[in-house]
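Structures follow.
Both complexes shown next keep chain A, but they swap its partner, so chain B is in the first and chain C is in the second.
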Partner chain A sequence: MTVEADKTTASTRATGQGGRVALDLAIRYGFLLLLAGLVLFFSVFAEGFAGPRSAVFIFQSVAITGILALGVTFTLVVGGFDLSIGSVATSSMMLAAYMMVVLEQGAGATILACLVMGALIGVVNGILIVRFKVPDLLATLGMMFLLVGLQRIPTEGRSISVGMTLPDGETAAGAFSPAFLTMGRHRFDLFLDDLVPAPVVFLIVIGVLVWCFLELTRHGRLMYAVGSNARAAALTGTNVNGYKVLAYAISGVLASVGGLLLAARLGRGDIASGTNLLLDAVAAALIGFAVLGAAKPNAFGTAMGALFVGILLQGLTMMNAPYYTQDFIKGAVLVVALVFTFALSARRARGGG
Partner chain B sequence: MTRTTRRTALGLIAAAFTAATGGIATAQDMPPPFDDPGEVRIALVRYLSTGDFFQAYLSGVERQAEALGVDLRIFDSRQDAALQADMVDQAIALGVDGIIIQHGLTESMREAAQRAVDAGIKVVAFDVNVENAAIPQIEQSDYLLGELALEQAIRDNGTEWDAGYVYVPGIAPLDRRHAAWEDIKAANPGIREVAQMGTLDNPIANSNANQARSVLQANPTISVFFAPYNEFAKGVKIAVDEAGLTPDISIYSADVSTADIAAMREPDSAWKATVATNPAVVGEVSVRALAIMLAGGDPGAQVVVPPTLITQAMLNDMDITNMETLSERLPQFAHADVAMTDWMPLPPR
Partner chain C sequence: MDRSFCRMTGLTKAFGDNLVLRGLDLDLPAGQVTALMGANGAGKSTLVKILSGVHASDGGRIEIAGRDFAPATPAEAIRGGVVTVHQSIDDGVIPDLDVASNLMIDRLAEPGYGFFLRRGGLLAEARGIAARMGFDIDVRTPVAQLGVADRQLIAIARAMSHEPSLLILDEPTSSLSALEAERLFALIDRLKARGVAVLYISHRMSDIRRIADRIVSMRDGEIAGVFEGDALDYEGAVNAMLGHGLTDADLTMAQPGRAVVEMTGLRLRAGARPFDLTLRENEVVAVTGLLGSGKTALALALFGLHRPAGGAIRLDGAPHTPRSPAAAIRAGVFMSAKDRASNAVVPGFDIARNISVPFLGAVSTLSVVSRGQERAQAQDLIAALDIVCRSDRDAILSLSGGNQQKVMLARWLSQACRFLVLDEPFQGVDIRSRRDIGAKVRRTAQGRATLVCVAELDEAFEIADRIVVMHDHAVTAEFVNRDVDVGAILSAVTGSAAEGQAA
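The block that comes next holds the complex of A and B.
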């Protein structure tokens, strides 16, 4: 009797362990499997999906949101959130157009001005949060509204294009510098001529830099420490506020890089562009939590998240799905990814503990 | 794949239907590549898509594509200029035979359009100048739109009147309508513009109503308002009605929607006439121009869809209540005889 009972317990434990291993694998590789499955599915069913050009377009379509998403990742790492990235990017685009078209500056001065603006906005966000104790969501929401208005004041709400009529009735004399436009439009040769657009290279380089910074440097690890337990980090002598402000400043700078690329692609300071940037970038960063079962913000996950959304949208477009179903599916993917992250990882933590 | 076959099937059914009902052409009569229309794939790459006008445009594109039996893909960038350029690349990757670019920004579309042309794809552009000689422009003539409305104003009111004018500079279609206004004023010195106003603040009609109220108060001599955009006209009409000036003022505008028809048909409405191009017809013309190019023809560098004058009297006499009855009862509004060939199948009406 006792022997039999022992046997049953043993066998239950074995299946329990098997289940836990399966769950562990699901959490770890489930998302990447899903990504591979998606690619396979579209390659079979969406004509023209498989191919180098199609792959490049996916990267291109996520390049700018991906860069913004990497910025959000920083603020998520220190336990914050940045809602102002979308409007920082559009402000940077408007500033770039204004510098060149109205103030007749060159590419170098323009890029510098935009990056400085992004950093300044990030620092202001950070100070609002650490010094004035404004909750992160509210501080960056306020900054978002402020920027949406501010970026339109110089031109009285008009888009900035070459040869535009200024509010005082004169015609703008400046033009977009060719070097600046190259940043967004140049295509590098890779196997095929003119294959890889420059923004994709920006995304990959920035992605690798961010990954190295967060995973390999002491500063990156301290940022994670600040995010997981700010008090503990402070007690070990970490400059918590400093790292928080730094995270928002990096987020601002990356957002302004996104805006520069957008301006270079459009060749115009267009007030209607960039409205989706915030939501798409946030979605990519949050989906990134689920990749490799990290359950925390991470650069690789963010890049995969952005890619996932890009592949999904490209495939659906090629299968002629209208845009509202795409929004619906994007939302569904985000919800599923969040379930992956929070519910499954929590169960694993409980089971494992 | 099911989607493709269904579309093809739909197209074939539509073609068969046209043939059965005494239509002009069947697949066999059409020149290559339309002898096998299911194999022809075209893409519509859109910049603007929300609003009555753009929905009607899309329905026109879909109807004409169905009548031809071709496979239509719709790319919708929702006012994201960078995405719209990506979508042209997507369409190229998909291997489409033809692309219709609907609106967009010259700066962002010029290069994408050139890439499509380089890839051997036939391209037409509606209401966006992509600065490419190989790409015909489909246009609704904004100048004619303004001119027809003003000619009606002169027929109704003579050539001696004080006018209020609604205009926002820097918007391309409004600028073209403005040119017609300048020309009419120059030709008729008795027509005096005593006030100019206009804003595109949302909600547009409401913001313009506020401005128009002040203008009417300050300029009691105004008897005609030229408001060459239907949201402007709506705003002016609200102000005129509120000021109790309904019988004294006539409004002339451009564009039309079901709501506008109702406003024009109110008893003693100040809104006397509007001039409009049917967006669905513009959609049909876009597809036909592209089809002509695919068959090796040349639709011309500019394909202009002529506008139709719609007066209050016409609406009342023919009892037109909405866009559908407008198309039914004003045949010139339902079909434009441009970009036509002897083999071109037309959508059933």
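The block that comes next holds the complex of A and C.
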């Protein structure tokens, strides 16, 4: 009888182990596999998807969302959330247009002003949260409303374009500097002529920097510690409030970079553009949790998440799916990614404990 | 049939590869208190979780009053008459609600309660429960305003409201003062008289002596010994649990060196009596006292998190007034905080990353962390502290409580310091890990001063060269830990000798 009992425990142990290895693999590589499958699927079924032109479109659409998503990643790492990034980006776009078209400034001053504005908004967000104890979602939601309104005041709610009529009846004399527009419109040659849009280079450079910062430096490590257990971090001498404010400041700066690239691509300050930036960026950052089984915010996952959303939308467009189904599909993908992350890793934790 | 109310036969349970219960047989007689002892990892918690419906067993059976009992959910276990008060207090209370709602919450969750709250009835019933518990409190007080001890009593009171026939208490006195514990024991006595079977999990000798009718020792998922009769053999039970003799902690008194920390006329809060205390190189000083006696306030003041109302602290002769933990650490004062789960463990990190948090600079060059150095450091400390794990990359939460605590200690031993403060380092730690931790603290004590805040005298005897007693936020007595008069310490702790004995 004891022998039998031993045998059954041994066999349950073996299947338990096999199951856990499979689960581990599913958690680790499931999402990348899904990404590869998606590319394969569209290559076969969507005509013209597997070509350089569509790759350019995907990269183009991914770049700005991805940069914003990297900012959200920072706030997620410290256990917060930044809802204001979309409106920071559009404010930055409007400010860039206003600086050049109305105030007739050069590209350098414009970029500097936008980055400073982004950093400032981030610091204000951070101070609202750490100093005045406003919950992060509420603080950044308030900031979002504030900015959506603020960016319309100087032009009385109109978009900014070269040669527009100003509220006082005069015609704006400034223009977008060509160097500035290059940031959004230039394409680099890679194997093929004009393959890689400049914003993609920005995304890659920023992505690598963010990855290095979060994974390799002690500041990134301490940010993760703050997000995982802020009290424990404080009791080891970590400047918890400092790191939180820094995370929001970085988020603001990256959102303003996104806005600058948007302005450079559009060549105008379009009041109606950028409405989807917030949700797409948040989706990318959250999908990133599922990549490689990280189960935490991380730069590589965020970039993959942005790419995933971009490929999905481009593929659907090329399969002639109506535009109004796209948000639905994005939402469905996000939910699946979150199930991947939380349910499966919870199972893994239980199995291991 | 005998009087066994609950009988377990051949219980087995495995988590993955880890066989936690290996055919456990145990009887719990009605009207008796069975004390359950076992080192961390012996399977106590798993047994409790199976009885309370959190986990299902893999094999074996449980009978209650002669009938099979296999609860699939905690609610089912409660309906079957098995009520559990878990060790982690915050699992037991909802801070945002008031005392009455907390006491009645299970009643509200019952299917038949109806849609609307009946506030008057709720309050009256809650008052009844509180009165039966000897619990003197306005039931409309929000739980968030109560201390740990009161929360614990609420969790227990709530369990009582189910009129259990088997009550499981998992380390119920770990955060109670002597007076509050006595209130609990009186209640357990009444329950015994009503024929309730009680399973009482604790390591406190005084608790077990006071209320246990039998002691059951667990080791490696099996019962290692059952001790009953008129004179309970506590020593025998501990031996059975550890698998080896309980040797008295062998203290070789340290040779105290220069004064490191000098407190003069220190008043921890307005209205508290000023006191002096000097801590020297090489020696380990234990601070003991009741809950709220100011042990933690003292530790926090030394670590820059509490501003004393008056007096001075000097570190190596220079004024020590850190404004933050970071400043304290720079001055060479380290503190391992109490309540590991909320104040120390970084749940998202593995062992190596948990150790390196305070001193990341030591394993980085130009702010870039060297994972290799970090892991090598962790491996050294894992070996030095006998931390049981598969590797330094294990998730911290996969470790037992004792091993987690060792990791927290390793964090602060990874760098040398002038003054180490350990606030309740033995909380939720089994006896074997407690011995390991104590021995390691003493072995490394050369060249620094060490202050250890402990609630239990046993712990102070095991670790300290000197024992300092606090009462009402002031040091009221000091003893050299050699042939100490336990009675004198106890009267200092309870404050009855506070007037005469002030050092």
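Quick notes on this structure:
Please note the rule applied: the second predicted complex is superposed on the first by the 353 of 353 C-alpha atoms of A that agree within 3 Å, B and C clash if a C-alpha of one lies under 4 Å from a C-alpha of the other, contacts with A are read in each partner's own complex, and residues count from 1 in each chain.
We take it that a contact is a pair of C-beta atoms (placed from the backbone, for glycine too) under 8 Å apart; a residue touches a chain by one contact, two chains touch by 3 or more.
This structure is a prediction, so every number in the text was calculated from the model and none was measured.
After superposition on chain A, the partners chain B and chain C are accommodated together without colliding. In the superposed model, A:267 lies in contact with chain B only, and not with chain C. Superposition on the shared chain A places chain B and chain C such that, viewed from the Cα centre of chain A, they span 140 degrees in steps of 10. Once the two complexes are overlaid on the shared chain, A:224 sits against chain C while remaining clear of chain B.
When the two structures are aligned on the shared chain, A:185 is found in touch with chain B, with no touch to chain C. When the shared chain is aligned, no partner comes close enough to touch A:152: not chain B, not chain C. Of the two partner chains, chain B is the only one that A:314 touches; chain C does not reach it. Following the chain A superposition, chain B and chain C show a smallest Cα-Cα distance of 38 angstrom.
The contact surfaces that chain B and chain C form on chain A in the two complexes do not overlap at any residue. Those residues of chain A that touch chain C in the complex are listed here as 5, 9, 12-13, 16-17, 20, 216-219, 221-222, 224-225, 227-229, 231-239, 296, 349, 351-353.
The part of chain B that touches chain A in the complex is made up of residues 1, 3-4, 7, 49, 73-76, 78-83, 85-87, 89-90, 92-95, 105, 107-108, 111, 169-170. Residue ranges on chain A touching chain B, taken from their complex, read 45, 47-48, 51, 53-54, 57, 60-61, 64, 158, 161-162, 164-165, 185, 262, 265-268, 270, 272-276, 314, 317-320, 322-323.
Here chain C touches chain A in the complex through residues 12, 14-17, 19, 23, 58-59, 303, 324-326, 328-329, 335, 337, 342-349, 353, 356-358, 360-361, 364, 367-369, 395, 397-398, 411, going by the rule given at the top.
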